[in-house]
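Dropping the structures in below, format is C-alpha cells.
The two complexes that follow have chain A in common; it is paired with chain B in the first and with chain C in the second.
Now for the complex of A and B:
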C-alpha cells in the first residue's frame, strides 16, 4: 500500500487513527502492530511470513545474546550466528541472482538458479533488526522482552518500507512510553502533507520528463536532453525519497513517535562530504556506527582508512541494488570522499560558494547516472552523451521543448531543494500568533487538495526507494 | 532447571531457522520458476478487468507497437486500444532469459512515451491514464498496463506469476 494512494489516505489511515486513539494505552501498540502487518501484507501477502519468522528469530536471538553477555565468547557466537542468518536472508532474496549471474558470466560454469521477487522493504528492516541485535550485544540497549513491542519496532508501517532506518536505541523508550498531543499530531499532519506534495506534485511530475528522455532512441539524445534527463532524475529521487521520509516522520508524530530527520537539503551541499551528511542520514549513520567505526574509522593508518572508506561505500552501493552499476555508484562516492579528504578538501574551502555548489551538484548528478541506468554499460553510454560523444547535437528541438515547457517546474524544483521557501514561510508566519494556525490550515489544506486532485486520476506511482 | 531453559531458547531459535528454510523452499517450488504460462496469467488478469476499449493484439501488432518479435519470448499477452481515442493496453511478456528484461522494458517505455506524445495536449483523460500506467518486471515476466483498472491488473499479474 502506498502512502500516496486513495485507499491509504481515506480508508486505512483514518481507521487506524480512530482505533489508535480510542483504545486504552495498553492496546495502542497492538493496534499499530496489527495495522503494520495488514499494511505490509496488502502488497506482498506471501512475504508476511518471512517477516514473522524474521521477527521470531531475532526476538529469540536478542534474548539469547542478552543472557550470555557475561560470557563474551558465547554472546559473540550467538551474535555472529544471528547476523549471518539475517545477512543470508537479505543475501538470498536480494543478491542471489546477481551473485550467481556474475559467477556464470565470469567462470566457465552455468549454475542454475531461481530468483524470487524482492520482499519489499527487506533492506530497511534487516538493517533495523541488525541495529537492535548489535546494540544488545554491545550493551547499548536493554533486550526487548515484550514480543509485541519488538515486532512493532520491526514492522512499524510509517517507516517499514523505505525508512528512515530507525535504530532501536532511538525508539526503545518510545515503544514503552510516548506522549501523543494535538500539537504533535498537527505537526505530523503538516510533515505528512508536505511529503505527499513533494511526492505527488513534484517528484511524479518531473519524473515524466526523465521518462521522456529515457525513452528517446539512442542516437536521438542531445547533450542538453541528456543533462535535462539527469537533472529531472536528480530532482525526482530527492523529492520522492525525502517526501516519503517526511510522510514517515509525520505519521510517526501522529502516533506519538519522534523519528530523526533523514534529509537536510542535500543539494545545497558545497562538497560531496557535506552531501552525504545531508542525504539519507539514517543509512549513513547506520554504516558509520556498525561498519565504519568497528573497522577502525579514521583512527588508523592511511592505508587502512582508505580500505575502510572503500568497504563502506562498496557496501552502501550494494545495499541499494544487486547490480554492478550500484556498486560503481558506491565506489564512485568512496573515491570522491577519499579525494576530498586527502587532496581537495583545503582547496575546496578556498573556492567561492557558487563554484563549490556547482562542483557538488555536477558530481552528484553524474552519480545518479549510475543509479538510474539499468546497467554499467548503459551508464557509461549515457555519460558519454552528456559530454557530447554520440549525442544528437548540443541542443535540439526536443531538449528545448523539455526545458521551456517545464520552465516553471524547474524553477519550483530548484527553489524547493533549498531551505528558502520553508524558512521564509516559518519566519514570516511565526510572528503572527494565532493567525499562523489559520494560515497553516489553509496552505496545507490547499496542498492536500491539490495532491488528491492528482491522485484520483493516478492509479499507481510507487516510490523509487521501494525497490531497495 | 536453568540449563533446560537455555536449551529451550536455542531449540526454538533453530526451529525458526528450519521453518525459514522450509518456507523459502516452498516459495521456490511455487514461484519465481517462470513456469506459469502466459495463458494462466491472462485468465487471472481478465478476471479483474474487461476487454472494453481494447482488442487482442497479434504478433504483427507486437512488432508494430513495440518493435518486439513474439518468437523471441516464451509467451506474450497483448491487448491494444480498439479505437483511436482509447489508450487501454495490456502487455505481458514471458522471457526466455532474464537478460531480455531490459529490451522489453525499454520497448514498453518507448511505447508509453509515444502514446503520451500522441495524446498530450488534447486527450486529458487519456494522458492521465498513460501517466499512471504500471510497468514492472518480475523474474521472467514483464508487464505493462494502461487502464483504469491498472491497480487490479497489476495485483492479478503479481498473483498470477
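Now for the complex of A and C:
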C-alpha cells in the first residue's frame, strides 16, 4: 500500500489511528505491529512470510549473540553467520538475476535463472536488521527480548517500504517509552501533508515531463529537451523520495515516534561531498557506520582510503538497484568524492558561491542520467544528446512546449528545493500569533484537499468506447 | 514571560493543525460511509468498480487488494467534483493537456494526433490492396479525414507539437498505390479552416466539414451533382457537449449545436429505408433523434455505430456503394443517398461477416473507405474483415 492512495488515507489510517488511541498503553505496540503486517501484506501477500521468517531468525540470532558476548570468538561466529544469512536472503531476492546474468555474460556458461519479483522494502528492512545485529554484537544496544517490540522495529509501517533507515539504537528507547501528544501529532500532520504534497502535487506532475522526454523517439530530442527531461527527473526523485521520508516522519510522530531527518535540501549543496551529507542521510550514516569505518575509514594509508571509498560507493550504487548502471552511478560518486577530497577541495572553496552551486547541481544531474537510464549504453547516449551530439537542434518546439506549459511548476520546484520559502514564511509569521495559525491551517488544508483531488483524478479514466 | 506565551501559542497552533487534519479526514470518511455505491459513471461512460468479494486466492495473488483500491477510488464521494478541481488547478498553473486532449484556443479541444501502429497499419494497407486487386473492375476510393489538431493547428496551445499527420497520410497514399483513388480532403478542409468544420468539444467533424468533404468526393467520384436536391441547414440541438470534454475534463459546460442538412422540399430527395441488419431494425430516416436525449448526441447520425447498415433509396440509378468506415462517415452518408440505389455500410470494428459475399450478392459498383486519421492509423480490425473471404 502506498501512503499516497485513497485506501491508505481514508480506510487504513483512520482505522489504525482510532485503534491505536483507544487501546491501553500495553497494547499500543501490538496494534502498530498488526497494522504494519497488514500494511505489508496488502502489497506483498506472499513475501510477508519471508519477512516473518527474517524477524524470527534475527530475533533468535540477537539473543544468541548477546548470550555469547563474553566469548568474543563465539559471538563473532554467530554474528558472521547471521549477517551472511541476511545478505544471502537479500542477494537471492534482489541480486540473483543480476549476478547470474552478469556471470553468463562474462563466462562461457549459461546458468538458467528466473527473475524473482523484488520483495518491497527488503533493502530497507535488511539494513535495519543488520544495524540491530551489529550493534548488539558491539554492545552498543541491549538485546531485545520482547519479540513483539523487535518485530515492530523491523516492520514499522511508516518507514517500512521507503525509509528512512532507522538504526535500532535510535529507536530502542522509543519502543518502550514514548509520549504521544497533540503537539507531536500536529507536527506529524504538517510533515505528513507536506510530504504528501511533495509526492502527489510535485513529483508525480513533473514526472510526466520526464516520461514525455523519455518517450521521444531518438533523433527527436533537442539539447533543451534532454536537459529538461533530466531536470524533471532530478526534481521528481527528490520530491518523491523526500516526500516519502516526510510522510514517514509525520506518521511516526502521529504515533509518538521521532525519526531523524533524511533529506536536508540536497540541491543547494556547494560540493558533491556536501550533497551526500544532505541526500538520503540515513543511508549515508548506515554505510559510514557499518562499512566505511569498520574498513578503517580515512585513518589509513591513502591507498586503503581510496579502496574504502570505492567499496562503499560500489555498494551504495548496488544497494539502489541490481544493475550495472546503478553500480556506475555509485562509482561515479566515489570517484567525484575522491577528486574533491584530494584535488579539487581547496580550489572549490575559493570559487564564488554561484559557480559552486552550478558545479554540484550539474554533476548531480549527470549522475541521475546513469540512474534513470535502463542501461549504461543508453545513459551515454542520453548524455551525448545533452551535450549536443545527435540532438534535434538546441531548442525545438517540443522543448519550448515542455518549458512553457510547466513554467509555474518549474518555478515552484526550483524554489521548493531551497529553504527560502519555508524560512521566510516562518520568519514573517513567527511574530504573529493568531494570523499564523489561520494561515497555516488554510495552507495545509488546501494542500491536503489538492492532494485528494490529484489522487482521485489519477484513476479518472474515461472509457473511450464512444471514441468510435 | 513573552517567550512562555509564544511557546503556548505554538502548542496551541499544533493542536489546531491536528484537529483540522482529523476533522477533514473524519468528514471525508463519514461522507464516504454514507454515500451509496454507483454502478455507472456518465462522465466517464464506464461501469465503476464494485466492492470485491474476499477470496483466499484473491488475497494471495493480490488481486483483491487491487480491486479494493480501484473500488475505493471509483466510488469516492464527489469524484467528479474532485476531478473538476484538479483540472481547474492544472489550467491555472498553465497545463494545457489532459488525457491526450489539448485545451486549445477559442474553446477548441483537440485530440492529439495518434502515432501510427506501423505493423498493424502496414498489414491493413496490404489487405486493402489485395482486396482491390480481386475486384479490378470496381473502382475503389480512400478518404482519410485529417483530425482537428492537424487542420486547426493554429488553435493548439502555444508551442504544442503533434505528430505530422500530413506526412503519415502521404505515406499511406503511396502505400495504397494508384489503383485506389485517393480523395484528398486535407486541402479541402484546410481551405475552410476558418469555418466550424470540427466540433469544439468532440473529436468528430461537423456536418459542415462533412459537407465540404462530400463536395470533394463528388468531384473525385464523378457523381452527377445535378441530381443534388437543395439542402438547408437545421440545428437539431444546441446543447451538445462532446466526448473530448468528458475525456479531458475541460470545457464541461460548453454547449454547441449539431446541424443536419436536409432537403428543403422533401419530394426533391429520394426516400430511404435504413436497415440495421444485425439489430433487425428498419426505419425511414437517417437520423435517430432519441440519441439527442443522451450524452453522446453525435450518435444521432445513423444511430451511432453498427456492424452493418443497409440503406435502400428510391434514387433513379443502379449504382450500389460499399462503404467501409468509422464514425466520421455517419454524418457524411446523408449527402450520398441521391446517388445510389443502395449503400451498404460496414464498420469493421463490429463486423464479423464475409465481405466477398457482400460484394457478390449486392452487385456493388464502387467501394469507399472513409476513416479519420487517428482511428485509421490505430485500427486493428480492417485486415481481419477484408481477409475473411480467403480464410474461410
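One rule holds for everything that comes next: the second predicted complex is superposed on the first by the 456 of 468 C-alpha atoms of A that agree within 3 Å, B and C clash if a C-alpha of one lies under 4 Å from a C-alpha of the other, contacts with A are read in each partner's own complex, and residues count from 1 in each chain.
Note that contacts are C-beta pairs under 8 Å (C-beta built on N, C-alpha and C of every residue); 3 or more make two chains touch, one makes a residue touch a chain.
On a predicted model such as this, the values are computed, not experimentally measured, just so you know.
Bringing the complexes onto one copy of chain A puts chain B in a clash with chain C. In the superposed model, A:211 makes contact with chain B only, not with chain C. Ranked by how many residues of chain A each touches, chain B and chain C are led by C. Judged by the touch definition given at the top, the superposed model places A:450 against chain C, while chain B stays out of reach.
By the touch criterion defined above, A:49 reaches chain B but does not reach chain C.
Of the two partner chains placed by the overlay, only chain C lies in contact with A:407; chain B stays clear of it. Of the two partner chains, chain C is the only one touched by A:9; chain B is not.
Looking at the shared chain after the overlay, A:97 reaches chain B, while chain C stays out of its contact range. After overlaying the two complexes on the shared chain, residue contacts for A:190 are found with chain C alone; chain B is out of touch. When both complexes are overlaid on chain A, the residue A:374 reaches chain B alone and has no touch with chain C. None of the stretches 21-29, 93-101, 129-137 or 291-299 of chain C clash with chain B in the superposition except 93-101. Residues 46, 457-461 of chain A lie at the contact with chain B in one complex and at the contact with chain C in the other. Interface residues of chain C facing chain A in the complex, by the touch rule stated above, are 6, 9, 11-18, 20-22, 24-26, 28-29, 32, 43-46, 59-62, 65, 68-70, 72-74, 76, 79, 82-83, 85-87, 89, 93-97, 99, 157-161, 203, 243, 246-247, 249, 296, 299, 305, 326-327, 347, 349, 375.
On the chain A side of its complex with chain C, the touching residues are 1, 5-7, 9-11, 13-14, 17, 42-46, 182-183, 185-190, 192-193, 396-398, 400-401, 404-409, 433, 436-437, 440-441, 444-445, 448-450, 452-468. Within the complex formed with chain B, the chain A residues making contact are 46, 49-50, 53-54, 56-57, 60-61, 63-64, 67, 85, 89, 92, 97, 101, 114-117, 204, 208, 211-212, 214-217, 374-375, 457-461. Residues of chain B that touch chain A in their complex: 6, 9-10, 12-13, 16-17, 19-20, 23-24, 27-28, 31-34, 98, 102, 105-106, 109-110, 112-114, 116, 125, 128-129, 131-134, 138-139, 148, 150-151, 154, 158.
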